[in-house]
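As structure tokens, here come the structures.
Both complexes below contain chain A, partnered by chain B and then by chain C.
Presenting the complex of A and B:
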């Protein structure tokens, strides 16, 4: 492969990484507070669908993005309500969310858009002037979608929030030792609900990015496992947002590379390439440190008294 | 100025299903008074504390703060009214540093100013006269260290009303003194204090009024000066004044050397122990422990007692030196904790919640822990439920455990009753080497006496017992020899009757 191909693969790899990154960042915060959401795949699907639907109807991709965020919050809260208030098993509720998201988005798509192709109004490219014409770094670093910069900044911001602020301390305590946090005057259920909603909103953004920035249009089940890859990113990064950024980039670039390799090596069955990012995910999980301990009370409801 | 009580319970009851934990209790606590709440294990003291702090809601009755009726829905509401609690089972996040635990719930949501936080903690600690490292991980501290953090954390909130649930049980005499001085000081500032304790000396030393609880009911309430210690003991045990009291165990009368063998059961040579943070706890210690003797380890906590016991129990590995256990070949650390237990080692851990029991499992299952190899309980890998339940029922009777039955989750029991089950489990099957770290911590007077009697009984049977205790009274009551750990050094061992409390006290202080 020559340099041009590699540069293009990395540039698009960053783009491919973004849906995973957003979902993984939201899930990191949610899991830090003790709420496991294996249903982010479903939320991403709803986000992807709402973003397409609303931006087509309003003509503005930004309004579409807002709709995806609202949908994400709604589903995040639904999950939160199930597991935090009703104390339903978190895995069960999460799986229900996957099914619900797939069903609702597919059904809505056929209902509202007749299941046909639509022209999705695109985001205007961020103009970084001369920077984007630099060789190599131009296309890789300075020609990305606006939201990509938001995602990368968010990874660092959340890392700072969790480690260095009172809010982060509160969230971590709620996921580690809720009894102690409650005794310190923290309302456990409220914090968990907020974190679940936050996780949902970011999964919504991830879905919106996929359908309006990375691709342009909605297809049923288009998230195709990215939600689960995001879950793997959270574990692999050991619940650290900046780690999640690098994990997501690794998967994104692997994904972009496999797409190009399919074209380069037509003799090899394309399925072998498609599974490449998933193989990497599996291998990464078996690496030392990959199995580090998560929040102690992850997945467990808090009961008073 | 406020004249009425700062906090009043009015006909308060609390039931858990069929269990009536608190039965119609009314209490008034005045501004600036130190109020003692005493009673036997399971009497309901902690339950009262939890209702005052908003952790649980009363089933019936009302709580008033400064005359105003309140319905706390969570500890947050109580904290907002200036009620601060030191819990019997600490409310600390083990994965956080000391400073982070202080910040929890009090720091603003924004950026943490760690240097200001550390300064504030150091100042507060200095004002009480203790030393703490704000950057230490709380999980790496021993129980006394955690207790100090918990107390300082409550003081840091500048409460109007401070509740302490058995705060002094794990503290060294010096630290307990410091705590009492701090209580005196805040009392003068008009802050009210409720002190739950099993040590009557504490009641007479710093409390103005005392309430005695028994089986969920308030037996009596009044000025401390109206009672003699015997009155309180009698009231706690029987609910009446002047009842005949069971006699204390009399260790010295027993033939201390009756079963004492010549070959040591435990042989410790040139042991060097490190704390979890890597610092040296003990530089070099050697001693023998023979069958049929109780060797006490005294000293201010944090001087290697925790590490010593954990090394002998096979839970951590010593830095240098050797430990030999007569029941097994070779170095002790080459055997697994399970092998050690099967060879007859028993261990009453200092941190019962984390190392002693599984809170969500039943009494029967907790009794089974560590005895899974015993044919009476497990046959061909299948648990013999009947015999386990029968044994547990027996234990409940023998130790007077307050519970609804062998299948109740142990987390529902009062702290002292949990401890009783741990002791029962470790005494079972007549161990030949018993490591007892603070065995009577948190136990009421009656049960402490029972436990001390059992220790003597097992010693006379021929068990070798290593007793870690911060309580010199206990050591003088039952131990045969004593060693003191202080400042990375070991003093002794000396036979109890060849030393004095003054000498041991001086060793503890590092002289």
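Presenting the complex of A and C:
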């Protein structure tokens, strides 16, 4: 592979990584507070659909993005209500959310947009003039979508928030030792609901990135498993937002590279390339370096003793 | 007669009535699709075909979408048990399950699209000549390409897509022997984003005309081509409106013709348990017109070349 191909693969890998990154960041915060949401795939689908629907109706991808965030919050809260208030099993509620999201988005698409092709006013890639045309760094660093920079900044901001701020301490306490946190006067259920809603909102943004930045349009089941890969990224990063950034990037760039290698080496069966990102994910999971231990109370509802 | 024997004979009579061949009544037709009717290609085409058939024939239609491989047997038998007269399954993956169960339901016609299977007394298949559709697409792509590099992005390499892909390369080489043909697979029929990124990667490698086969992934290819300002050849389903400045033309695979022919033959009693392959002559494949700015882009010489290609396809001289 020559330099041009490598640069293009990295730029494309960043685009691949972004929907996964947003979803993984939201899930990290949610899981830190003890709420496991395996349904982010469904929330991303709703986000992708709402972003398309509302940006078509208003002509602005930004309003579409807001709609995706609102939809994400609504579904995140629904999941939170099920598992925090009603204390339903978190996996069960999450899986229900996957099905709900797939069904609602597909049905809504047929209902509202007649299931047909529509012109979607999507986000444009950033053009910083001279900067965007620099060799190597131009395509990689200076001509991504605006949302991509937001995602990367958010990873660092959330990392700082979880480690260094009182809010982060509260969230971690709720996920690790809720009894102690409750004794210190923290409303466990309220914090968990907020974190579930936050997780939902970021999954919504991930879906919106897919349907209005990376592409311009909605098709049924377009998230295609990215929500589950985001879940893997959370574990792989050991529940660290900056780690999730690198996990998502590794996955995205591996995917972009395999896409290019397929065309470069037509004699090798294409399946060998398609599994590449997944092999990397599997290897990373089994890497030594501290057992992956999640928040102690992950997946367990809090009952006042 | 005891109550019991009355009940039994009533039941027997009822069974005889039910088992009577369903003549001159509304035909019950089921269409089983592997994807969603909104995919804009493969499944949309079948849905369009069954809608047209519904207007034309006296039939009751049930459409079942998104049937994945694990559900096939269950869906097939449930329609057969409901005494559907015709069960059309849309995709080669249905061939094997159909062969497994067809003998148990001799009253029902099982029709498999995009496969070549047949069995007495009630299995027939309708396949389109995907290889020649690809051939036509390849010839047009090579003609309008300036870089001499063209690309094909397939969803998953199922038989019809591999046929199309091979035909695409042959058609291009026929028109311009030094054309470079790139090919990649998405590994999914619904991952539009990956379809778009793969297309972008082929464009980066010099392709200035791309084509794509599959379901939703095709939308990704067209969007990526539009964004990069290169040309695309549509496949199967005429999707010109999706990107009128990008889609030069479409190598049509008219799956609605399969459905129309199949039902027509069931109704007039001429359907045989055999596999029908629909080519250019039957209207099973075709070439969409060059519209908009592409009407003027095709020179007289180009048009002559295309006419030659079509004539060879008709004559079966493309291998």
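Here is the rule we go by: the second predicted complex is superposed on the first by the 291 of 305 C-alpha atoms of A that agree within 3 Å, B and C clash if a C-alpha of one lies under 4 Å from a C-alpha of the other, contacts with A are read in each partner's own complex, and residues count from 1 in each chain.
Throughout what follows, a residue touches a chain if its C-beta (ideal position, glycine included) is under 8 Å from a C-beta of that chain, and two chains touch if they have at least 3 such contacts.
Predicted, not measured: the structure shown is a model, and the values here were computed from it.
Novice: Quick one: on chain A, after the overlay, do chain B and chain C clash, or do they fit? Just give me the call.
Specialist: Once chain A is superposed (C-alpha atoms), there is room for both chain B and chain C without a clash.
Novice: Of the partners chain B and chain C, which touch A:228 in the superposed model: first, second, both, neither?
Specialist: neither
Novice: Touch test for A:22: chain B only (first), chain C only (second), both, or neither?
Specialist: neither
Novice: Could you look at A:165 and tell me whether it touches chain B, chain C, both or neither (first, second, both, neither)?
Specialist: first
Novice: After the superposition on A, what does A:176 contact: first (chain B), second (chain C), both or neither?
Specialist: In the superposition, A:176 touches chain B alone.
Novice: Using the superposed model, measure off the angle between the directions from the CA centre of chain A to chain B and to chain C, in steps of 10°.
Specialist: After fitting both complexes on chain A, the angle is 140 degrees.
Novice: Touch check for A:239: first (chain B), second (chain C), both, or neither?
Specialist: Neither chain B nor chain C is touched by A:239.
Novice: Under the stated touch criterion, which partner chain does A:187 make contact with: chain B (first), chain C (second), both, or neither?
Specialist: A:187: touches chain B, not chain C.
Novice: Check whether A:49 is in contact with chain B, with chain C, with both or with neither, and answer first, second, both or neither.
Specialist: Once the two structures are laid over each other on A, A:49 reaches no partner at all.
Novice: Which partner, once the models are overlaid, touches more of chain A's residues, chain C or chain B?
Specialist: Partner touching more chain A residues in the overlay: C.
Novice: State the minimum pairwise Cα distance, in Å, between chain B and chain C in the overlaid complexes.
Specialist: 38
Novice: Is there a shared patch on chain A that both chain B and chain C touch, and which residues make it up?
Specialist: Chain A residues touching both partners: none found.
Novice: Flag every residue of chain A that touches chain B in the complex, lowest number first.
Specialist: 164-167, 169-170, 172-173, 176-177, 179-187, 296, 304-305
Novice: Could you pull out which chain B residues touch chain A in their complex?
Specialist: Per the stated touch rule, the residues are 50, 53, 55-56, 74-76, 79-80, 85, 87, 90-96, 100-101, 103-112.
Novice: Can you list the chain C residues touching chain A in their complex?
Specialist: Interface residues on chain C, with respect to chain A: 36-40, 151, 157, 182-185, 187-188, 190-194, 196-198, 200-202, 204-205, 216, 219-220, 223, 239, 241-242.
Novice: Once bound in the complex, which stretches of chain A touch chain C?
Specialist: 4-5, 8-9, 12, 15-16, 19, 106, 109-110, 115-117, 210, 214-217, 219-222, 224, 255-256, 259-260, 262-264, 266, 270-271, 274
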